[in-house]
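So that we are looking at the same thing, I have put the structure below in structure tokens.
Chain naming follows the written order as A, B and C, and within any one chain the residues start at number 1.
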Amino acid sequence: MSNAIEIRDLEYRAGKTFEVRDLAVNVPTGAMYGFLGPNGAGKTTTIRLILGLLRPVRGRITVLGSEIPREAARMLARTGYVPEAPHLYPSLSVDECLRYHAAFYPTWDWKWADELLGHFRLDRTRRFVTLSKGEKGKLMMLQALAQRPELLVLDEPTDGLDPVVRRDVITAVLDYVAQHNATVLISSHLVHELERICDWVGVMDNGRLVAELPMHAFKSGIKRLRVGGAPALPGDTPFVLLAREPGDGAFETWIVRGWQSPMTQYFDGVGATVREVIDLDLEEGFVELLRTFRGPARAS
Amino acid sequence: MCEARAAAVLALAGLLAAAPVAGQAASDYGAHVARLHGEQQRLLAIAREADRYLPAGDTVRAGALTLIVPPALGALARSSAPLAWQLLEAKFGSKARLVAPLEIILQQRGVPAVSPRAPNAVVRAVTVPPEATSDVVAPILARIGAAAINTSQDSALQRWLPWTIDPRPQPPERYGEVYVELATAPWTAVRSCYAGDIAACGRALGLTVGANPLDSWYGIEDRRRLVDRASATWGLRRLPETRACLQQGDAAECDAALRTVPAEFVSPPLGGVARGLLTDVALELGGHGAYERLADGRGPIAARLVDAAGVPTDSLVRVWRARAFADAPRPITLRRAGAWAAMVWAVTFACLGLRSTRWR
Amino acid sequence: MFRQMLYTQWKWSRLLIVAGALAGFSIPLLSVRPLGDPTVAGYAIGMVLSTVGAYGLLYPLLAGGAGLMLALATWGPDHAGRHVYALTLPLPRWHYALLRFGAGAVLLSGVVAGVLLGTLVAVASVELPPGLRAYPFALTLRFALAAFVAYGAFFAVTAGTNRTAGFILAAIAGLVLAQVMVSAAGSDVGFLVHVVARLFLWPGPLEIFTGRWMLIDV
């Protein structure tokens, strides 16, 4: 499977501190890739690097086959972008915004733009600055979709929007992807939103990629185990031991990834018992993942 | 120089005295003026007395030109004075000796002042900048000397020529001024001169004078304009002859109105600069001894100029007019070199703008 | 692309352009008013030329002001949005800047057109006395060149980053400070004067602004 976005050994520095380091990201073509991470993790910075808005210190970025930032213009012709903050010109009306944007994209689909305009219930004559936050978000999404991109890069597109608007926006994206098999990179700190729509997830924290895996593996893979009689040194485990914490009495709590039921045999082999296997939802799994990534209680 | 300080004191006194003077009757005003004049003479005498206590400077002479200088400026004076004298002799010939009573005191900031030598000398002071060289100072000295020589001209020549004949060559801008005057003056004779009528040029320059100069210089419309102008300056509107002149255009009434204003107001149509440059042309054409012939001549000004120049009036005026037209100020609206430079700069700035960086 | 660029810039700067064009149209008419006065014409040509010359000071001011305001209006909205939108459009930066510059130049021509129209109407509306000539095309061309020099210079500065603008300001401040210190130390070296002279004397960039701007002259 080819990758729509490939990042290797990326490093970016802003000021005296590192923002992104040793970053490697692979967004498969046709995937809906959720970019997860807490605030300040580096998600927006990474997106800006992908789009050629920032110049990396080192590393390689390839988007839709184009090297970035050298071939950014060619790539941007095939990429729809919705930033976190509204970026259109405030004094232009909705109609003027669309006409201005359309002038730069030969693939612009006016028919569909008009359909979306009606679907989003946007008034053509209103100036951008007078639109509500939700309306602005819808207009930016409309622009990104109507240019018929191969890649959609959405930076927290539903942040601050009410549930109705959020649903409208996500539905439009899903419809587009279903029809055109486009690749979507969507960043958010709203785990549950991504859980529903993404088939790949990349977790970022403190400028580094913590994990990158299919969504189903991420959802099902992280468990909390209550282990009794746990060995001091776990040795080779068939799962990934993310963390172990002393529990109450003789039991410890183990956070593991990649757990499957037959793996209880391991505990039999080391003389321990698994008292309980607790499923974590995506958000809990995300929190545990970050905690183990950041904290001192990492498994050796 | 103490005389300068005395003059400043007098000016201040005059300012302070202005308030009481306002509103006085004419006789009181005259008495006040006389009092101020007496005060001026007294202050000048005090200044001259004070000058006696200044240190004596070095005396530098070149021909009839005398400089009094502090020792620190001795070298400068010794190199400048001969150059100045050469300029004066070349222009004025034997009349250059008329500068003999003049003592020019050189001064410089930071250098102690010196006193003049002769008690009855005509004293002029010149302050030179610190880096001044003889190339700069010599023409200044020559100009001062020329002013002194010009005061010895007879009253007829001085009345016609309100201009100091300068030994220095005139810059083209001066002739440019004459061209502008020819092109823009409202007087009929001047406009005809501009159009090429040499005889009109002579009238406009005041070279043709009959019993009534106004007949030569100004037509009836010109005289009405003159009276209109004079009315504003000299308050002639109340005079019946003014009304008759302005309303009916009666030449005699206009003349009568103009006779009530000072004579300097009624002068040839072309101003002092034009007449001065005509004189310069005459002296240049006349070569050696030209100024003596002009200064010593008597009779009409035109004849004296012809005598000085050695050419007829028409020829003299033609040369003068040709120079004015040759040095006409070029319309400065757009110079080709400036236009090209501006285009290059506009393109350069545009190219710099195109280098706007992507990285923000 | 260019049409849309032109439209959006017109929208941002139309008040400036209209005001500039009106000012450019009015200055020549005001400057020749004395010539239209029958009591003045032919009597006080010197005064007429002085009036024309006095109003002439407004041309370089208008040219410089129009160039500056238009450059600010060109880049202002992009600066406000930190250039995110502009940089995510599918064209190289230099191409984008060229479109912006071109659109601004077209709009600036509106002000120049105002001046041209004003000079032609002014000259047609008065009778010139012999000896005086009118220079509407030369004056308008000079105005156009001055306006484009100003626009180009301010465009280049406003197209740069805050850092670039900071460098420029720091350089100017440094020159002034150095001159102050040199003068305070008692030296007569006046390099600031030389720098300024280089700007205003040919072939400096500001030479086009200097001198007399006479619609009517001898």
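What we mean here is this: a residue touches a chain if its C-beta (ideal position, glycine included) is under 8 Å from a C-beta of that chain, and two chains touch if they have at least 3 such contacts.
Small disclaimer: the values here were computed from a predicted structure and weren't measured.
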item	value
Topology of the chain contact graph, where touching chains are joined (line, ring, star, complete, other)	complete
Winner on C-beta contact pairs when A-B is weighed against A-C	A-C
Closest chain to the centre of mass proxy, which here is the mean CA position	C
Centre distance in Å when subunit B and subunit C are each reduced to the mean of their C-alpha atoms	39
Subunit A and subunit B, separation of their C-alpha mean positions in angstrom	88
Chain centre separation (subunit A, subunit C; CA means) in Å	50
Residues of subunit A engaged with two or more neighbouring chains	52-53
Touching two or more other chains - residue numbers and ranges from subunit B	358-360
Sites on subunit C at which at least two other chains make contact	87
Contact footprint of subunit A on subunit C as seen in their complex	1, 3-5, 7-8, 11-12, 77, 80-81, 84-85, 87-92, 95
For the subunit B and subunit C complex, residues of the former touching the latter	179-180, 182-186, 191, 194-195, 225, 328-329, 331-334, 337-339, 341-350, 352-360
Residues of subunit A touching subunit C in the complex	51-53, 73-77, 81, 83, 85, 87-92, 96, 99-100, 103-105
Touching residues (chain side subunit B, partner subunit A) in the complex	358-360
Residue numbers on subunit C that touch subunit B, as the complex places them	42-46, 48-49, 82-83, 87, 93-94, 97-98, 101, 129-133, 135, 138-139, 141-142, 145-146, 148-149, 151-153, 155-156, 159-161, 202-205, 207-208, 211-214, 217-218
